[in-house]
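Presented below are the structures under discussion, each in the form of C-alpha cells.
Each of the next two complexes has chain A plus one more chain, namely chain B in the first and chain C in the second.
Here is the complex of A and B:
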C-alpha cells in the first residue's frame, strides 16, 4: 500500500476531527467575537481538507470566501449588534440534543448503504463524469475539467448562481444600503474617527500588499482555464483587496477609489455579459450558451465563450462582495456617528 | 493493492457529527448571529460530504495532464464551488436582516423578540 495514500487518509481524518473540535467550541462559547473567529478557522480547515481531497478549486474558493469575506461581514454585524449571547434555558438544550442525536443516528444508519470512501466503482463516478474526463479535452480544449464543466457543460447552472449572488447583493442594498445616514458627511466623520489612522504598520503593509493581491486576482481570473481558479475565486480575491483598503483607510477613501454607482453597474454588467454571451450564440444559430459557434473552430469558440462568462462571473462576484461590505460598513459608520452625537449632546446638557 | 477499509465510512460519520453540531446550534441557541454561524457550520459540513464522495483513492486533482491516469470526480467540485459563493451571498443577506432586527427590536435574542411581539399584540 502506497505511503502517500496512507498520509493523505490520516491527514483527512485528523483535519475532520479538528473541525469537529472547533464546531463544539463554537456551540459552547458565548462570546460572539470568539465564535466568529472560530467559524473562520473552521472554514480555513475546511479549505485544507479540500486540498487533501483533490478539490483545489473548491479550496481556493473556501479560503477566500469562508475564511475571509464572511468573517469580515460577521464582525461587521457584531459591530452593529452585541458581542455576547444570553444563556440558553436547559430544557431547550436537552430537547435539541435529543433531536440531533436521533437524526445523527438515522444518518449513520443510512450511510451503511453508501460506497466506501475513495472507491472508484461508486455510482457517482460512473455516469456522466467519464465523458467529462475523457472527452472534454477534445470538446472544450481546456486542461482544467472543473472550469470546462462550470462554464460550458453546466453553463446554465452557473448563470443561475451568478444571478443568485446578484440578487442577494440587491437584497442587502435594499435592507441596509440606504437610509438612516446622511451620506458622505457621515463617512468622512467616520474616517476621521477611524482608529486605523494611527496604526502605521498596518497602513504601510497593506499598501505594499494590495497591488499584489490585485495582480493575483487577475492571474486567478485569466489562468483559471489551465490551473485552479476562475471567476468566482478571482472576484472574491479582487474584492478582498478593496475590502482591506476600506478597512484600513476608511469607507470614504474606498468610495473615492470605487464609487457606489460603479460597483452597482459592474454587478449588473457581469450577469448581463453572461446572458449576452448566450444570446449571441442563439443569434449565431446554436442553442443558448453553446459556445461552439462563437469562433471559426468549436474549441476556439469554447475558449472565447468560457473567457467571457468567467469574466462576467468575476465582475458580478467582485462588485457584489464590495457592495455588501460597503453596506455593512456604511451602517456601522452611521451608528458610530449617532452614538457620538448622542454623547456630545449629553455632554452639553 | 489499495485498501478501502480505512477511512471507509468513518469520513462520512465525522461529517454527520459536524452536521448535527451545526443543527444543534441552530435549534438550541436563541441568538440570531449564533444561529447564522450554526448554519455556516452545517453548510461547510455538507460541502465536505460532497467533496468526500468525489475523492478517488490514489487519484489527483482534475486538471488534465499526460502522466496522470486517475482523477477525482470533478462534478461535485463544480457544484460546491458555486455553492460556497452563493452561501456567502445568502449569509450576507441573513446578517443584513439581523442588523435590521437589532434596529427595530434592540435585541437579537429570538425569545426576547417573541416576548416583545406578544406584548404588542
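Here is the complex of A and C:
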C-alpha cells in the first residue's frame, strides 16, 4: 500500500477521534471556561481536517472564525456571567437522550448508502464541479476556483451570508447595545480599572504583533483570488487585531481608534457595496451580480466585480466582529462598574 | 418598463434587503420608520407586478450573475412563489404604518431604527425564501429571516420575551441545522443544489438509505419552522411576548413561508419521487395536521391571554394548511394554498386588534378585555369579524378555505376528515366566543366603560386586513383562480 495514503488515513482517523473525545468532554464538563477552550480546540482540529482534505479556504475560515473570533466572543460572554454552569436537575434528560440516539442512528443508517470517502465517481465530483474546475479559468480567470464559486457562480449566496453577519451584529446592538453617553462613561471607567495596563510584556508584544496582523489581513483580503482567503477571513483577522488592542489597552482606547459610528458605517457600507455591485450590473442591462459587464472584457469585469464584493464582505465582517466584541465588553465593563460602585458605597458604611 | 419587468423578481428581494443597512445609517426613529414604510410599499407594488406577470406568462426564471442552473443560483418563480411573496409584502405594507405608534409605546426610542432595520431584513429574508429556486439559497435567506425574527421577538417589553426568543432561537437553529444536514446528504447523492435539477436526479437515488434520512431531515427541519404539531412548542411564547406589530407581521407571514418551503420540497424537489406514496408520508402528515388542528384549538380554549390564545389557534390553522398539502388532490391543495393567504389576513388583523388593545390598556390578558365592546368598540368589532373568519363563517375568508378543504377530502372519499375539519371549527367557536363574551358581556373590575378607542393610525391598518378578510370571503374569484393555478402547477410538476 501507498505510504502516503496510510499516513493521511491515520491522520484522518486520529483527528476525528480527538474531535469526538473533545465533543464528549464539552458535553460533560461544567466549567464553562474549559468548555470555551475545548470548543476552540475542536474548531482547530476541524481546520486541520479540512487542510488534510485540501480544502484550505474552509480550513482558513474555520481557524479564523471557529477557533479565533468565536472563542474570544464566548470568553466575552463568560465575563458577563459566571464560569460555572448551574446544573439543574432536568426531567427532560431521558427524552433528550432518546431523541439524540434516534438521530444518531438515523445518521449511521444514512451513511450506508453514501458514496465512499474520496470516491472519484461520486456524484459531487461529476455534476456541477467539472465546469467549475475546467471552465472557470476561461469564464472568470482566477486561479483560486473556490473564490470563483463563492464570489461569482454562487455570489448571491455569499451576499446573503454577508447580510447574515450584518443581521447578527445589528441584532447584538439591538439587544445589549447601550446609549452613547452611558457607554463612553463605562468605557473610561473600565479603562481606569483595566488590569492589563500593568502587564508590560503583553503591551509590548501586542504592539509589535498588531501591525503584522493587519498586514496579513490585507494580504488575505487582496490575495484571495490567487491563494486561499478572501473577505470573510480577512475581515476576521483584521477584526482580531483590533480586538487584541481592545483587550490589552481597554475598550475606551479601542473606541478612540475605531469609534462606534465608524464601525456602524463600515458594517452597513460593506453589504451595500456588495449589493450595489450587483445593481450596477442591473443598470448595465445584465442580471444582478453579473460581473461580465463591469469592464470591457468579461474576465476583466469578473476581476473587478470579485475584488469589490470581497472588499464589501471584508468591511462588513470586520466591523461586525468588532461591534459584537465591543457590545459584550461594554456590557461587562458596565457590570464591573456597578459592582465596584456597590463595594465603594459598602466601604463608606 | 422592460427593466422593471425583467428584474422584478430580484428587486422584490434586494429593495428591502438594501434598505436595511440604510436604515442603520439613518439612525432616527421617525426617518427610519418613514423609510421602511416607503420600502414596504414599493416592495408590495413590485410583488403585485410579479404576481400579475406570472399569472399572465407562467413560470419566470431569473439567473443570478448570468450563470445558468445548476451551476449558478437561479430563481424559479411560479404562482405559489409569487403568491407567497405577495402575502409577505402586503402584510409588511399594512403593518408598517401601524407599527409606528405601537413600537413607540413598546420599545425605547434609541432602538427604533434597529427595529425597522430588522423588520426590513426579516421581510427580505422571507421574500428571498419564497422566490428562490436553489435549495441552499433557501437556507441562506432562512437564516436572514430567522436571525432578524429572533431579535424582533426579544425586543418585547415583557422580560419573558427574552426567554421566549432564546427558546425560538434554539429550536429554530435546530430546524435550520436539520435542513442543512439533510440538504448536505442530498447534495452528496446528486451533486446538485438547484431545485428543478434535483427534481430530475432524485428519483434515481430515491430508494437509498441516505435519501430516506435526508428527506426526513429536511421535512423535520421545516416542520420545526412552521410549528407543525408536535414541533410547535416555541410558538406560543414567542407570539405572546413579542412586540404587537412584530407578532402581527410574523404570525401572518413566517409560518406561511415555512409552509411554502415544505410545499416546495414535497412537490418540486421531491416531486417526481412522490414522497406521499413512496415514503408513506401522507398518513403521517394527515395525522399530525389533524392532531395540530385539535390540540391547537383545545389548548387555545384554556388560555387566559388573548395573544397566547391566538398563537395556539395559529398552530391549529397551520394544521389546516398542512392537511390541504397532504390530501394532495388539486382541490385540497388549492384549499391549503388559499388558506395561507386567508389566514395571513385574518390572523394579521386579529393580532393587530390585540396590539390596539395593548396600546390603550397595556395588557392582552383575557380579564382586561372586559367591557371592550363599550370602551374600544371599533377594535372589539374588528376582533369579532376576525374571529368569525377564524371560525369559518360564510362571507369570510375562513369559509372559503374550509370549503375547498372539505371538498378536497370528500373528493378522496375521506368523509371522516371532512367531518373533523368542521368539528375543529366548532372548537374555534368556543375560543373566539370566550373572548367575545368577556368583551361584550362582562363589566371591568373598576366599572370604567368610558369610550377610549385606539388611535386612528392603528385602526385603519387593522381594518384594511379585517376588511380584506371579508372582501375575499365574499368575492374569492381572484384568490381561488391564483391558488387553483398554483395547485395545478405544483401537481403538474409531480407527474
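Quick note on the criterion: the second predicted complex is superposed on the first by the 335 of 349 C-alpha atoms of A that agree within 3 Å, B and C clash if a C-alpha of one lies under 4 Å from a C-alpha of the other, contacts with A are read in each partner's own complex, and residues count from 1 in each chain.
FYI, a contact is a pair of C-beta atoms (placed from the backbone, for glycine too) under 8 Å apart; a residue touches a chain by one contact, two chains touch by 3 or more.
Just so it is clear, the structure is predicted and the values come from calculations on it, not from any experiment.
**Q** With both complexes superposed on chain A, which partner does A:36 reach: first (chain B), second (chain C), both or neither?
**A** First partner only.
**Q** I'd like to know which partner A:278 touches here: chain B for first, chain C for second, both or neither.
**A** In the superposition, A:278 contacts chain C only.
**Q** So, A:157: does it touch chain B (first), chain C (second), both, or neither?
**A** So A:157 meets both chain B and chain C here.
**Q** Using the touch definition from the top, say if A:104 reaches chain B (first), chain C (second), both or neither.
**A** First partner only.
**Q** If you stack the two complexes on chain A, which partner ends up touching A:124: first (chain B), second (chain C), both, or neither?
**A** In the superposition, A:124 contacts both chain B and chain C.
**Q** Touching A:48, do we find chain B (first), chain C (second), both, or neither?
**A** Touch status of A:48: no partner.
**Q** Which partner does A:292 contact after superposing on A: first (chain B), second (chain C), both, neither?
**A** Touch status of A:292: second partner only.
**Q** Under the stated touch criterion, name the partner, chain B or chain C, that contacts more residues in chain A.
**A** B
**Q** I'd like to know which partner A:114 touches here: chain B for first, chain C for second, both or neither.
**A** both
**Q** Mind working out whether A:263 is in touch with chain B, chain C, both or neither, as first, second, both or neither?
**A** neither
**Q** Which parts of chain A are in contact with chain B and also with chain C?
**A** In the superposed arrangement, which is not itself an observed complex, chain A uses residues 107, 111-112, 114, 122, 124-125, 128-129, 132, 154, 157, 161, 164, 168, 171, 175 for both chain B and chain C.
**Q** What does chain A use to touch chain B in their complex?
**A** 1-2, 5, 9, 12-13, 16-17, 19-20, 23-24, 26-27, 32, 35-36, 39, 42-43, 46, 49-50, 53-58, 61-62, 65-66, 69-70, 73-74, 76-78, 80-82, 85-86, 88, 92-93, 96-97, 99-101, 103-104, 107-108, 111-112, 114, 116-120, 122, 124-125, 128-129, 132-133, 136-137, 143-146, 149-150, 154, 157-158, 161, 164-165, 168-169, 171-172, 175-176, 180, 226-228, 230, 232, 235-236, 317, 320-321, 324, 327-328, 331
**Q** For the complex, which residues does chain A have touching chain C?
**A** Contacts found on chain A: 106-107, 109-115, 122-129, 131-132, 152-157, 160-161, 163-164, 166-168, 170-171, 173-175, 177, 179, 264-265, 267-269, 271-272, 275-276, 278-279, 281-282, 286-292.
**Q** Flag every residue of chain B that touches chain A in the complex, lowest number first.
**A** Residue positions touching the partner: 1-25, 27-31, 33-34, 36-38, 40-41, 44, 47-48, 51-65, 70-93, 95-100, 102-103, 108-109, 112.
**Q** Quick one: in the complex, what on chain C touches chain A?
**A** Where chain C meets chain A, its residues are 3, 7, 10, 14, 17-18, 20-22, 24-25, 62-67, 70-73, 110-111, 114-115, 117-118, 121, 124, 128, 134, 136-137, 140-141, 143-144, 147-148, 150-151, 154-155, 185, 187-192, 201, 208-214, 216-217.
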